[in-house]
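Below: the structure, in structure tokens.
Chain IDs A, B, C and D follow the sequence of writing; residue 1 opens each chain.
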């Protein structure tokens, strides 16, 4: 692929990405917007591949386009009638039609100005000599990190604290979803063809998740991509109307949800007790510890993403998910 | 522990601690509350006695506490602060007795006496303040703790009056704060030093110092009820009698006047203030207030309103005294701080008695009250005559020194007419009341006779305080030359201020 | 002492997991964790006071490669305040939520919020700050929508969307800095950042993002409904801590990282926005019909004061005068934290006892709950900035700085703001005087009123009178 | 190849602008959530463009890790937002 061919490819790819983004946002029909957004996500994954970022491409395809798309489509599907503007409109932005042209122009100019300054700052940053201090440091310490894939090394060793907090973010969002009400009603059982597809697809997805988890140590993959694939298996089962989608019940469910964060924290603290810095894996043990953490993380990521898709705690569990929230009793004065 | 550093703190704490305890007492425990109040008052009196003896013998009492680098809470007892502390302590004791009698069956007494003690602590703290920063802190605290007292009754007028009071005093407090900060930036932490510290500043600062002086005086003027800023005083008369007595005759109004004296003598220095040409401005404002207050008092039928306007004019005598350059004028001004306090509190006590015993609120209802309540009306007459300036009551002494000071400072041209007209006006609004009380036939029945005429004309706790303060006013006039009398102490202050 | 830093993050996170796994004993576990975290905060504060700024590299990797935790005077003080306010609010919450299912849902999110606050105040790495900001935003939104009522959910949704916009802008700024200087470590960046288009754009983007999260004047529309509709302990922590953490970041960026890039003109713009916030917030607080809205608008106003310090700190030459102004800023921030938390908790008591918090019908309540009214009065004193409170010292330094640098506008704005604050606080307190007899016992609901009283007392009395050692501690910070 | 990096970075800026415009203008909450996700994708493109060193050379792994974390954070925020929207619909039916 000579440089001219690459340039054409890039041009085509970027033009379609921007086109899809614009189309997805310009339409007033939410369903059409969501579907275009999913296409945008997939093309984005291709772009990451083009920029030699395979790990991110996998994650983008699985989580960015896949799961976000699924969540959005489920939300659009559940939306009874176009949300009356009165419900959640801000006092500043009335429904699209009523917004005067002035506001549209002002906002467009504002965003264009933001893009301009961002580009101006970036060009200035690129013009100065690229600082390769960090990549070199990673290359030197890669041997001591216990994994050979640099991205996994950064995610789970050098910047392990970020990943710990990120898992906490995931846990927080699911706890927030739980507090907002019961899960959505299921889907009607799938027809024979879809059922057949599911019978084949789910085992492959589970196998792929295991592979992705294992391969993450030395090639693109890792806990996030594996977790997302596992969640995808659950989503497919849910769409096929199956009652049991592999999620444990009650206390076990809570164990799986918190597995990622608690294993991470336990490893970190035990290392601290052994005199090592917090989350400072001894080089000899680094590989094994990272795999242990990644397995736990995969399980909790899969569980949390699936629960997010379900929209709450599955009904059949023991916890009293009351149908509607009983109001707080406030004693009269 | 070294006694010198802790005495000022103890003086302030002797009313602060009982106050805090009283807050949490339940309504029912009268005896404990009364005991705490009186114990606090007597303890403070004893401590102040030691203070007077110490300061008289050039003994230094000072306690410091740093709030932030460059900002120190300083309590320093010098001659001027001791004068105001003694006045507050004596009158607080008397007023507590009066208040216990006055609020016999009223609700919320724990809250009342709690804030009452806090208010006295703020006043004493303000008097003992060693620098302008501490003064401002206690000045604002005074506003804060007097608001609930003014609004104590809870009636819509009381809450409205309290809100007006708050608006004025917080506005004034903000001006004072800005002036103090500005001065702090120019001249660093401004301690109160006899003779003032600002004269050493370079001439370039003089215009700024003039603006700062204006800000400070306006901030203090709100509480000292100088004319444009006096609006809150008549409104605050909705407060119960002991509150009007102590607060508007002694604590709040005097705090403003005391502040003006401090700023002129111990921050700027009286000669430097005159050099900046600010004294005449202050004098004119005081003169206008004196005349305005007296004129307005003429038209008030409500007894407490008339006394309120009389307070407005009388307090400005102190400001007038500070505006008269020279020791004699200063003595006149400072001694009036004490005399006016004693006389005015008697008047408010007696007004409270009339209201509480016979339900009299208006002067038109006071016909022949002398026959029904001779002792109270006698006290009222002594104090009223003192206000007019009739010897031998204390008021005469201060007016005499003010006049003498004006002559000595060559400002007699406009000060004497002001003194004369105001005395005439005082007579014009007090003598008819006396005539109506003594020589008119009483009406068929009193508006609302709560307390029947038993052995005394009213309950003991209501009767004795005005009698005591009336005798004090008389004594301050008769024994003016005695050692430790207010006049002697004022002379000592003036000599130390002028470095004689 | 560096273990205290790890403790401050690990303890609440472990607590959150424990309360999620053991819902029945959640309250006991949560209060226990809260106490332990407060002890850790105390240890850290004493550590910083004795040994100066502390520094900890997570995983043992050197700065830049790994993530560094930093604790200097400013962050140690804010951590101590966070711990005290959160502990008091936890005690309050244990009595506020009366159904077991609510408590089981509340505690894990509450401790995750606490983790996010501690992690943010300790973090010394730009991207780590982005993750903590997100964790903070999400847990705050989840808590705000806990009651499930329509108003709360709608306000929480808008809060989330605004928060996401803010985070995205912050991340854009982070990517710019990484493109230009190749590192994410704050300390390294503060030496490398030089004035230039990429630095200005990054600063502008990150500041806009953070201003969205701090709800500074033009971008404040989401705060009042969100804070007013959240449950009482949540709105206390939202107003006192969450918005302040975002302000702490703006302060850290402007005075530490971008110290060489920041221009007086930019600082004056921040000052103007702050002045707008003071006037707009105070005016709307005065018009508010409900106590919680009044407190929320008061938050918008009080944050305006904190932004007034920026033009002063830029104009003052570095030296004792600047340290005093910085000390005043921190004192004002701490006092507002305590006072606003106390105020919201007290309002919660009134709302729970009466079912409403409309100011006009407050008469009966204010007289029947003397301890709550006293807490509101103390908190009010601190919000206005009247003496014994810490805010008085803070406003004194603000006025002194304004006079010294000749920027009179800030002086006038502070004066008008304080008087407006007095107006709306005493509008509420006016209802405390009536003729209904007082109950014999001043405290009616001990576990709810004591936290409010202690927090308000801390702001109005303790900080004001014993604030002196704080200034020495700050020499190490800004 | 410098031009690829700049090309993708500029596209990233454009996508950020589109996302911001959509987020501020749309009234329907769902479309606003989509717009915010698009804006996030734009910022991620900036990061990945910054990491790109040229066709043959190994890219800088740090921005990749950051974007991975960013994607997961974005999806959790979207999930919570959608749950809030669903709750709002449920409340709308009640009253």
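By our rule, a residue touches a chain if its C-beta (ideal position, glycine included) is under 8 Å from a C-beta of that chain, and two chains touch if they have at least 3 such contacts.
Computed from a prediction, not measured in an experiment: that's the story for all the values here.
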item: Chain nearest the global centroid, as defined over all protein CA atoms shown; value: C
item: Chain pair, most C-beta pairs within the contact cut-off; value: A-D
item: Distance from subunit C to subunit A - Cα centre to Cα centre, in angstrom; value: 30
item: Approximate Å spacing (C-alpha centroids) for the pair subunit A, subunit B; value: 73
item: Separation of subunit A from subunit D, taking each centre as the mean of its C-alpha atoms, in whole Å; value: 11
item: Gap in Å, rounded to a whole number, between the CA centres of subunit D and subunit C; value: 29
item: Where subunit B touches two or more other chains, by residue; value: none
item: Multi-partner residues of subunit A (each touching 2 or more other chains); value: 87-88, 114, 118, 122, 125-126, 130, 132, 134, 138, 159, 162, 166, 169, 172-173, 176, 180-181
item: Interface hub residues of subunit C, defined as touching at least two other chains; value: 127, 131, 134, 138, 141-142, 145, 148, 153-154, 157, 172, 176, 179
item: Chains touching one another, given as label pairs in label order; value: A-C, A-D, B-C, C-D
item: Sites on subunit C touched by subunit D in the complex; value: 127, 130-131, 134, 137-138, 141-142, 145, 148-150, 153-154, 156-157, 160-161, 164-165, 168, 171-172, 175-176, 178-179, 184
item: Residues of subunit C touching subunit B in the complex; value: 320, 323-324, 327, 331, 370, 381, 386-388, 392-393, 396-397, 399-400, 403-404, 411, 415, 418-419, 422-423, 426, 430, 433-435, 437-438, 440-442, 464-465, 467-468, 471
item: Of subunit B, residues touching subunit C in the complex; value: 23-24, 26-28, 65-71, 107-108, 110-111, 136-138, 140-141, 143-144, 147-148, 151-155, 158-159, 162-163, 166-167, 170-171, 174, 177-178, 181-182, 184-185
item: Contact set on subunit A toward subunit C in their complex; value: 87-88, 90-92, 114, 117-118, 120-122, 124-126, 128, 130-134, 137-138, 141, 157-162, 165-166, 168-169, 171-173, 175-176, 178-181, 251, 254-255, 257-258, 261-262, 265, 268-269, 272, 276-281, 320, 322, 325-326, 328-333
item: Contacting residues of subunit D [partner subunit C, same complex]; value: 16, 19-20, 23, 29, 32-33, 36, 39-40, 43, 46-47, 50, 62-63, 66, 69-70, 73, 76-77, 80-81, 84-85, 87-88, 91-92, 95
